[in-house]
């Protein structure tokens, strides 16, 4: 007697349909044959409403971070929404100073999305999760009608453990502190623009999407925890917006040397073509570190010694400023403000 | 980037800056208007003022195509999308330009039924034409804006549309003419603040506009108004060099049309492009410029031969002017009488997110450039 | 206004189109507004169209002018 | 000098636009004036990439659960997507036996959605979070183009603390155990269907959306932790699917008495009209408890003593069954299977 | 629920069950076919077999409108949506019916460009008409299926569409006739398993179909085929009572058309509905039934007067038959020769998620009912 | 097949429509296929249309028949 047989999911030419989100057998099958298989770990395998996990070590605090991922197109040079969904949240934990421990993933799938592409995304996500050593321990899948979604959205949430001695935070920058970046700015944002149909140009620009917790650990290994004032990943809004956020939170200003900010030559060229500023483009594998002045050299050396920080640079300092402006010294020798991103970075003609 | 990086060199900049400081007469003030937003942008983005002596002041002109686009013209496009179920295609710059009722194309887009209408950004006029070809059931209107640089591409797609007999494509034309705007600046009646009015000592002339129209159309500035013009490239060194050349003309008492941008601008301009524009467009009797008012012979309209692809004719559109906010000082700022921070709306009601006046619209506008790049100059900042 | 940038013509394509190159980035543009463009020429690109050719000799001359402006009078006199 | 002024968000007639998701000033404003104000708590207020939180008490384990919420319509009798997003995840923690501690929220907003409606949703979510005593400590907001979303999606993730002695799990049901439900089945699913334009009928049916952790605590207070084998909230797929999940996980079968399953008379009537089975409709405030036989009476009494369990009922038992079928004794005196949900519950004509 | 709950009473059921057991002759077997899926559903959902003696066996007939809909007809609807950018409206039951190429309407919907076409569930034919009125630019096709109960509503909307002159609405008609299918069952040639063929002792006759057509159309079953028919309501007690009445007819050697569902069925049926159907539809020469093959005079087509609203005429559609899977045993199951679990595809390749044959399509099909409700009977289960 | 259910007519509406009630749930349906329906009548509702009226006397008679079937012969004889 055959009681439980189900035909295997058609991962070659099948598509997501409403049944996959209805919570019945088709949902269970999608979870079992795609998600559970790709993310394979004991917590997910339990199939309960959540995952039961060992708590952090005594004295450690919890860190929780979340990000929704809605990138378009879903595949881009250097990554896809799956790897991005891992890196985006792991990095938010990393820049809190935490050791990332666990991820959850909530998928919102659009009716009609090819299962083969979904599998590519899930496999990429699983690979990124394994490479980062941060398992996806629980998840959820919903399906929305065609025209009410955009292929795949993934919201990930991460839990990390924060050692007692660490406490970086956006409000901790003080005048005199040094601002470092771990590498070139704008690679991710431009990689996405390059593959948008409406702008298409050819370049070798790849997203910098990467998990930063190793780089953060290298930094903590190299300098006293107290010397690390602020860590942040300049994602949406780019370096400019992130520096402004830090300035506002800390109630300070900043002086940045434009020429010191690393920008990939092709990103720079593409920015010229489109009328964009690389300092407003998103990064997904870069760190901003504000460190105590006496530790700046050690911090820079530690960053540069790590593969993800080889192009790290010292770009400026924190200053007193009641208006917490971020000011830029231009390569020409002038001064200007580096303001918050206003609106979306849209290609300009003027 | 060849022919780009060399024109941004810091050391050369300091050299030219030193020359300006050396040659500028300490006993007098120099006020030059850079007409173009491209120059305004270069000046602000590179902090060029910091390399200029205090007695050389740059006044930001109206040469930004989205800044001068009046509310009523954006309203026309929004109405087409909302009421006539049309897909508006336009350059990214236009999407945030404020229209009536707190709307902009971007905000209007959020209110559309996208199954029927849409508002889309294009990189090029050709992309709008391609969309109309690809989706024949979609009614596509290209909202064309710009000075003499974007006009030839629009002319090309109009010619193509006619050749293809494309029934679902038209152009809402807002192409304007640089010389007319310069003329308006020179003729502007003194406002209430007439006493404070700054005498312009000369113009930094347009870069890319001049590649198309050549240097000849500026002759009247020197001839009739006795003001020097130096056509300059959009790189910061080009701007600085042109300022140096203007200082020299002023010092010499000369008023000539000089060309710093010889690598791209000739006296005649691009004759092929000019002929094309002439084939497709003709002068509008009058066109309203945001901040400058209605100016005669200052803009182009589509010739009757192309009426089937002229959105104004095709949809029977009428232009309804919408007054600017009464506290907006754009007019006086454009004439150099006031500075952005003098406007009481600056930085409060009027910001790049919620612009009230034309000068705050694009990052090339005088107020926006000051907000984005120069605001810190209004207050003392403690040094690091 | 009129954001435009000089780019090198890398390849001539049918229909008056060309592939231009700028700092390692390549883009297809239209040459419909300019005549007599050859591979290796620099053109000024605006909204996907070449507006004019760039005169490389004039560019060098302008750069020389910049350098000259920067020379202090004393040096210049020397 | 006015340096930082921004015009307040137009919460009366404004709409979500792409700028609100670009990560610049408009995003910061939306977060500050809407989300941070509504959820108001010190963690969220920090404005960092994540929240730093006290870890659970020593000996406790962590529980992590996530759910994406895509309900349509967004407002329905008895709740809205905001309250649902809190209850849905709090309940997943509760049925793991955990004390819910913190929530994260990832919003995916569709361009054009009215800010006034968004505010209603966020306020409702904040009220549900406060009522449940589980703060939203971190969040994220993305905006997608019109036609690429459906107004508002909310993915919430919860962290809870699991006391050492508790370990309910879907795999722990054993033959002889008793199956209880905390109240009537199908209210949420039918409340949603009732307001779908295509089916519209009039009834007083309201979603049962509620946070269940209080009810779970009442259960743990009344019986030995070991006696509570399985807790689960029968959401998508309804009672039928959830019982099958438990049966499969536990490798057992079940015998359910159909007449013992509480169903609201109006839900029953609407099911007759539409050709649906209430046992396949979603619940958002109901508990299934599988308990040791000797504790069944105490469990039922504890459930009934709680306001959310007043209509609790004992509906069946766990049996040995190598095929782990869930069997139903019909009110007529016959037997049938109660299978997994197959596809979506669609109204039938035949 | 009045007139519902009383007909589901467990105590009365046991009483009727006892009466059947008492009256059924232990020395013989009784095999009755419930033609309707509604009865199949009631029997399965309430576990009626558990209340019947072992020598009374119910055979599930073909009376489920989605089960008998052949693949080729669903293919027509899918092609309309995919290739002709039409919006198909249909009852929820149709969405999962398998079509060619592994598709169904639900899966095809996932492949559509929703900006142009769509596939939507409606609760009523009137909803499809309303959509066409509300959105004149949308081409709406109502995929009409069903026996004599859904036919009058379809006739009404066709009449309305003509009265309104609605240009964007049409009906893809798949209405079929119950008496023709019963005739086919009675005439069916014995298959390979002829020896195993079960002699039918009588029919439980349709409930709601009979409210429309009355009891007269079944006369041939008794007259020509000498089989008793008891028309019965769809509640479990109705079914049990009708079984009791059939047992009595068999015991008495009678073959009569009896009516258990007197509360809703008369001898004449609903004459108003019949007249309306007659005005709008006429007999099709032949129609293919899934599982039964092509049957003459077994379905309706839209009269030429309504051709403008007949999707087959409007879009020039042709029907291409698609054979069922060769291992599918639906035919022999419908004739009572085999049971669902005898099919080697049952529960493996063929499940409600991925049905291979007609009997697995709707929960009213013989195989689906057994899969969903009765599978446990195939294996011994340890008691609690 | 042909899922249908008896519901009580609660209100007659224009255009041959009615509001029917079933176990506390109300729905608007069409009466276009049946004549002479009054408030309080029960109709059999299928895909939003009343297919026929329900004869309440016959319903009671059928229920009585069920009850009678359930009586044991001995009781019946008694």
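Letters are used for the chains, namely A, B, C, D, E and F, taken in the order the chains are written, and counting of residues starts over at 1 for each.
Going forward, contacts are C-beta pairs under 8 Å (C-beta built on N, C-alpha and C of every residue); 3 or more make two chains touch, one makes a residue touch a chain.
Note that the structure is predicted; figures quoted are calculated from it, not measured.
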| item | value |
| --- | --- |
| Shortest contact path, chain A to chain B, counted in steps | 1 |
| Each chain counted as touching chain E and chain F at once | D |
| Farthest-lying chain, centroid of Cα atoms versus that of chain F | C |
| Euclidean distance of C-alpha centroids - chain C vs chain F, Å | 86 |
| Inter-centroid spacing, chain C versus chain A (mean Cα positions, whole Å) | 38 |
| Whole-Å separation of chain centres (CA-atom averages), chain C against chain D | 62 |
| Whole-Å gap separating chain B and chain F, where each centre is the average of the chain's CA atoms | 76 |
| Sequence positions of chain B contacting 2 or more other chains | 1, 4, 14, 37-38, 64-65, 91, 96, 106, 115, 123, 127, 146, 150, 351, 353, 364, 375, 379 |
| Sites on chain A at which at least two other chains make contact | 1, 3, 18-19, 25-26, 147, 265, 268-269, 272, 323, 325, 342-343, 348-350 |
| Touching two or more other chains - residues of chain F | 1-3, 5, 22-23, 46-47 |
| Contact footprint of chain A on chain E as seen in their complex | 96, 102, 106-107, 109-112, 114-115, 341, 346-349, 351, 353-354, 375, 378-379 |
| Chain F-facing residues of chain E, complex | 1-4, 6-7, 9, 11-12, 14-16, 18-19, 22, 36-38, 63-65, 91, 123-127, 146-147, 149-150, 152-153, 156, 206-209, 211-212, 233-234, 237-238, 241, 244, 260-265, 270, 272-273, 276, 364 |
| Touch list for chain D against partner chain F, complex | 201-205, 265-266, 268-270, 272-273, 275, 348-350 |
| Contact set on chain D toward chain E in their complex | 175-176, 198-199, 253, 255, 259, 265, 268-269, 272, 274, 317-321, 323, 325, 327, 329-337, 339, 342-343, 346-350 |
| Partner chain B, residues of chain C touching it in the complex | 1-6, 8, 22-23, 30, 32-35, 42, 44, 46-49, 51-56, 58-59, 61-63, 65-67, 69-73 |
